[in-house]
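Please find the structures below.
Here chain A shows up in two complexes: once beside chain B, once beside chain C.
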Partner chain A sequence: MSAIKQTSVPVFSDSVAAPFSGVSRLSARTLGFYLALGAALTFFALPIVWMAGIAFTPSGEYVSDSLSLLPAHPTLAHFEALWRDGFPGRLANTLIVAVGATLLALSLGFLASYALVRFRFPRRLDHAFLLLVLVIKMMPPIVVAIPLFQLLKGLGLLDSKLGLILVYQVYTLPFCIWMLLSFVRDVPLSLEQAASLEGAGLLRRLWHIVLPLCGPGLAATFIFTLIMAWNEFLFALLYLSTPSHFTLPLYVSNFITENETFWGQLMGIGLLSSLPMLLMAGYVQRYLLRGFAMQMK
Partner chain B sequence: MASVTLQNLGKQYKNQTVLRDINLQVRDGEFLVLVGPSGCGKSTLLRMIAGLETVSGGDIRIGGRRVNQLDPVDRGIAMVFQSYALYPHMTVWGNMAFGLKMAGVARPEREQRIQQAVELLQLQALTQRKPAELSGGQRQRVAIGRAIVRKPEVFLFDEPLSNLDAKLRDQMRVQLSELHHRLGSTMIYVTHDQKEAMTMADRIVVMRNGVIEQVGTPLELYHQPANRFVAEFIGSPAMNFLPVRVAALNARSLSLELPWGQTMQTEASRFGPKTGMSGLKTDAQLALGVRAQGLVIDDSSDLRMQVDVVEELGNIAYVHGRIQTHRLIMETPCAPRAGTEVGVRLKPDMLHLFDEQGISLASQMERAHAA
Partner chain C sequence: MLFRSRLQLLLLMSPATLLLAMLTLYPISQILINAFSYVDYVGAERQFVGLDNFVELSEDWFFAGAIKNSLSFSVLASLLQVGLGLALAVLFDRQFAGRRFALPVIIYPMMLSTLVCSAIWRAWYHYDFGFLNNALLSLGLEPVQWLFDPDMALFSVMLVDIWQWTPMAFLIILAGLQSIPADIKDAALTDGARGWRRFRHITLPLIMPQVLLALLLRSIDTFKLFDKVYALTGGGPGNSTETLSLFIYKQGFKFFNLGLASAAALLMLTIACALSAVYAWRYVGAKS
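Right after this comes the complex of A and B.
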């Protein structure tokens, strides 16, 4: 009896008082939250705004000491120069290489992680393999650069998009395997057993059951891998020699010369090359969230 | 439809034997229930029949055909998992269509079969929902529907009701029995709930530690348990056991000394026609089994039971009590009050005797007779 009374009092007072006393507390907290959010946003957005500002500022103006972020006389001159200079071709190169490398890594990584999760390997070879893969990923790129150069040369794939796509697998594939591992592991074995009882062989199970259930995982891995490949610089520098084959990170470096740095063009490329990523991330994120919400309870 | 025959079936994991020497004939159209405590190998046996586990020894035949090496899909079986294993990314309709698509069933036939199952299981309003949007009972029905549409010869169920609440479980039990009557297919059903086993089964298989303890109809197991384990497992509440001594023995009657000193006379024939031949001697120590229904209140009796707890169920009550140190459960229509003392009598026709190994004397008789 006394226990009931003791608990009932606070419950009662809390539920009644909350709407009144809660208002100020709530708004103070909300205000703090928005302030923190605003600070973080400014911190992360400032470079982008600055980049956009420079991209639209005529040459000569951005050397002035003004602190203004926005151009006084906006111009599209840098974009026109880029267009004429062959930016679209470099963008296409980057798209093909990054998307190609990502799709290849994603499909191979998916199959590999499935095999590692579901198949039995003697003597813990699966663990050894995963460690090896991790070690490769952690190696500084320059260590493998020369062997890879020999390899590409032997295959006749130097200075080609396909060559670059293959070389990128050194980093994208381990990443995909490790990322997808936990998603594949989360697909209940009983689902696959049910499917195999219903006559679905390995490939059909992969296609109809495992793949759709790993959708959110694949989407997340896709976007991270794509960014990785999109921004890759070192391998592109080492293995591409013809300027028209360049990817954007390599192309950017053209605008920093011994005599002059073409800030306008530089920022223009920065802006244009991050746009596709932003769009992609936005699109995939929507799918990601929906995917997570849809997942089984 | 098909019979299922298991011959000397065995299963080993590394060096652990999970199933030993399983011999079983499941008749065509039979509803067979596998029961036993957790870990006794029921699921393993079922999954071996399904083809999800390899066979370590012996044979599995379905419809006379040896299926040991056959892929699950070629065995003519459908299985309902404990977790239902519905495909979460497909609708109810899609879940039922999947297996038919895999089997290459043409669209019109597919739709017709699914439609039939949907009507049979009353899923009409739910066909476009995803499993996450269904209640437990609804998911259960979809899982059954997914099995039905494939028209298997044998249905396998692994504890399909264990995730449902008690009331829904009661409903689904009846519905599953109805379904069995309608389809007439062979069904093998795993549970550890003896109530499910008793109410649904044509025959029950009681398992323990990877071996079959007894096979029989629910009433056979209830009235003639082969051993103490089966006697304890089947029937609710669990059977009472008392240590007794054979006080006197002749061809007609058997006189037992109860732990409290009283002796009681029983007909020897109840425990087999030739009790004397079983090697039973005077002074032998036995376990006397009596169900809660075999104890009655009789104030003229000199067995006085101290009433500890009374579980009132409405129409009947379970009385938990003690006679000296021996705990007993009694079922009675009119419950005494806790803390009181009542006279208790044992119904002579509801007694079971088990030897020191726990084997029922009655079943020993039968075996001796058969040999």
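Right after this comes the complex of A and C.
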């Protein structure tokens, strides 16, 4: 603690110190700041550190000595057990469904948000459409779960990846439209006007002008939507029934509710299934701020 | 110049519109019909019964409990998340060593699947071996029945939600704080406004739209609560953590009581719309 304080005080006082405040008062405030920061970091990080520790702890050791965070005798036994138990298949299911749902939402959402920004709608239908999108965003998904079950049954898509990709659009499509709207707005209209005067049609303008300029926005939206679909639980629970078709959140839930004592394996799945998202978290954080700033416009 | 071609507009809009109509407008119309019907699941027959389903719901103490739990969870959890998020955002609205590494750590939980969060916390809440009770014991305190005490269970679920989603409130409010122009901050400093007074009279009014947005998004999300109670308590003990989502799930997918489930879903949709309308109105009001 003292080491942290010593190295950090100069940085902090450079930026914040007001000319009048005394030295003792400043260091008390600095100490308070780092105490609060330390408490916050502990609260948010400790459960994740604990999960990682348990995933490498041999069964039986975590019962006797559960306050330690790191295993005394690290083991890969839980991961081997998971590998044999069919984890790779569930990972593949999740990947296909999440990427499929994201790509579908991104392409339909891109076309729609382009039209909403650039086209004149008859009778203010664009406002009606945006209102619908907003209502869907607010709607609890369980409300439509029963009719969707019957819809999927009628289409013969129950218990299938395609069916899940389809119903995930309840979450992903409104989100994509909302996010992409502001990115498309940032593309200068003049570029398209010039291209249009030279005879470029809709598809060429979309492909050669709007799409490349929306690149970063599309990437950020892709990642957010992917995380959303990757972690989805309710629809997977309701519409999948064959264990080999399960996605990872559903696979985790089976371990929680039935085999509560296999903590090592449970935390192993937790770690493996969230690792890709955790790795992306660092990358997307600057987009996160921008994304929320845009939702307010 | 806006583009005017009706044909192109139709081509661009119809895929998304058709898909959304199929996935939401059609289901909502079905809910509207089923809510006033007796639905025989096996024979796939429907019979109009007027308000019977709603009368049955009003006499169902499980449903009353679910409404009470969902609303109190939503109000309390979203207020706590926004309050904590605000405090965190003020903490992070400055430069300090290691900020670049501290920020991702804070937002990790919201990247996790709710089921993974629930798995961690279910292990932590374990009465005999759980991390929390071990910590309490080592401090010389009594262990707590986190998930099996009816008065405690809803708060234990709430703590998990606070852990997972405070980061979202934090990010929204931080975005607001960082968009305050530097000259306003400087002007406040030269006027001698410092500490709590400066926060209360200058900073807080400026970030009010973001605070309200965070409150809106979090209260709507907490109102939907399903995954955590499904994984942590299953609605129990008794009905102490039963929520509206869980009630509809059980009626529809366990007891195949489609009429009753649809009536409950219709009520839930109404509450969610009313909630968002109130906030949208307040939010627009705060903006102008």
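Definition applied: the second predicted complex is superposed on the first by the 226 of 297 C-alpha atoms of A that agree within 3 Å, B and C clash if a C-alpha of one lies under 4 Å from a C-alpha of the other, contacts with A are read in each partner's own complex, and residues count from 1 in each chain.
FYI, contacts are C-beta pairs under 8 Å (C-beta built on N, C-alpha and C of every residue); 3 or more make two chains touch, one makes a residue touch a chain.
What you are looking at is a predicted structure, and each value in this text was computed from that prediction instead of being measured.
Of the two partner chains placed around the shared chain by superposition, neither chain B nor chain C is touched by A:Trp178.
In the superposition on chain A, A:Pro47 contacts chain C only, with no contact to chain B. A simple residue count on chain A separates chain B from chain C, and the partner touching more is C. In the superposed model, A:Pro140 makes contact with chain C only, not with chain B.
Of the two partner chains, neither chain B nor chain C is touched by A:Phe224.
In the superposed model, A:Pro212 makes contact with chain B only, not with chain C.
Once the two complexes are laid over each other on the shared chain, residue contacts for A:Ala194 go to chain B alone; chain C is not touched.
By the touch criterion stated above, A:Phe262 is placed in contact with neither chain B nor chain C. Residues 193, 295-296 of chain A contact both chain B in one complex and chain C in the other. Within the complex, the chain B residues that touch chain A are 50-52, 71-73, 77-79, 81, 83, 85, 87-89, 98-99, 102-103, 130-132, 146, 150.
Put simply, chain C touches chain A in their complex at residues 1-6, 8-9, 12-13, 15-17, 19-20, 22-28, 30-31, 34, 87-88, 91, 94-98, 102-109, 111-124, 129-131, 134-135, 138, 163, 167, 171-172, 174-176, 178-179, 189, 194, 209-210, 213, 220, 223-224, 226-227, 230-231, 234, 244-245, 248-249, 252-253, 258, 261-262, 265-266, 268-269, 272-273, 275-276.
On chain A, the positions that touch chain B within their shared complex are 188, 190-191, 193-200, 204, 208-209, 212-213, 215, 294-297.
By the touch rule above, chain A contacts chain C in their complex via residues 7-8, 11-12, 15-16, 18, 33, 36-37, 40-41, 43-45, 47-48, 50-51, 54, 62-63, 66-67, 108-109, 111-112, 114-115, 118-122, 129, 132-136, 138-151, 166-167, 169-170, 173-174, 177, 189, 193, 202, 227, 230-231, 233-234, 237-238, 248-250, 252-253, 255-257, 260, 263, 266-267, 269-270, 273-274, 277-278, 280-282, 285, 288-290, 292-293, 295-296.
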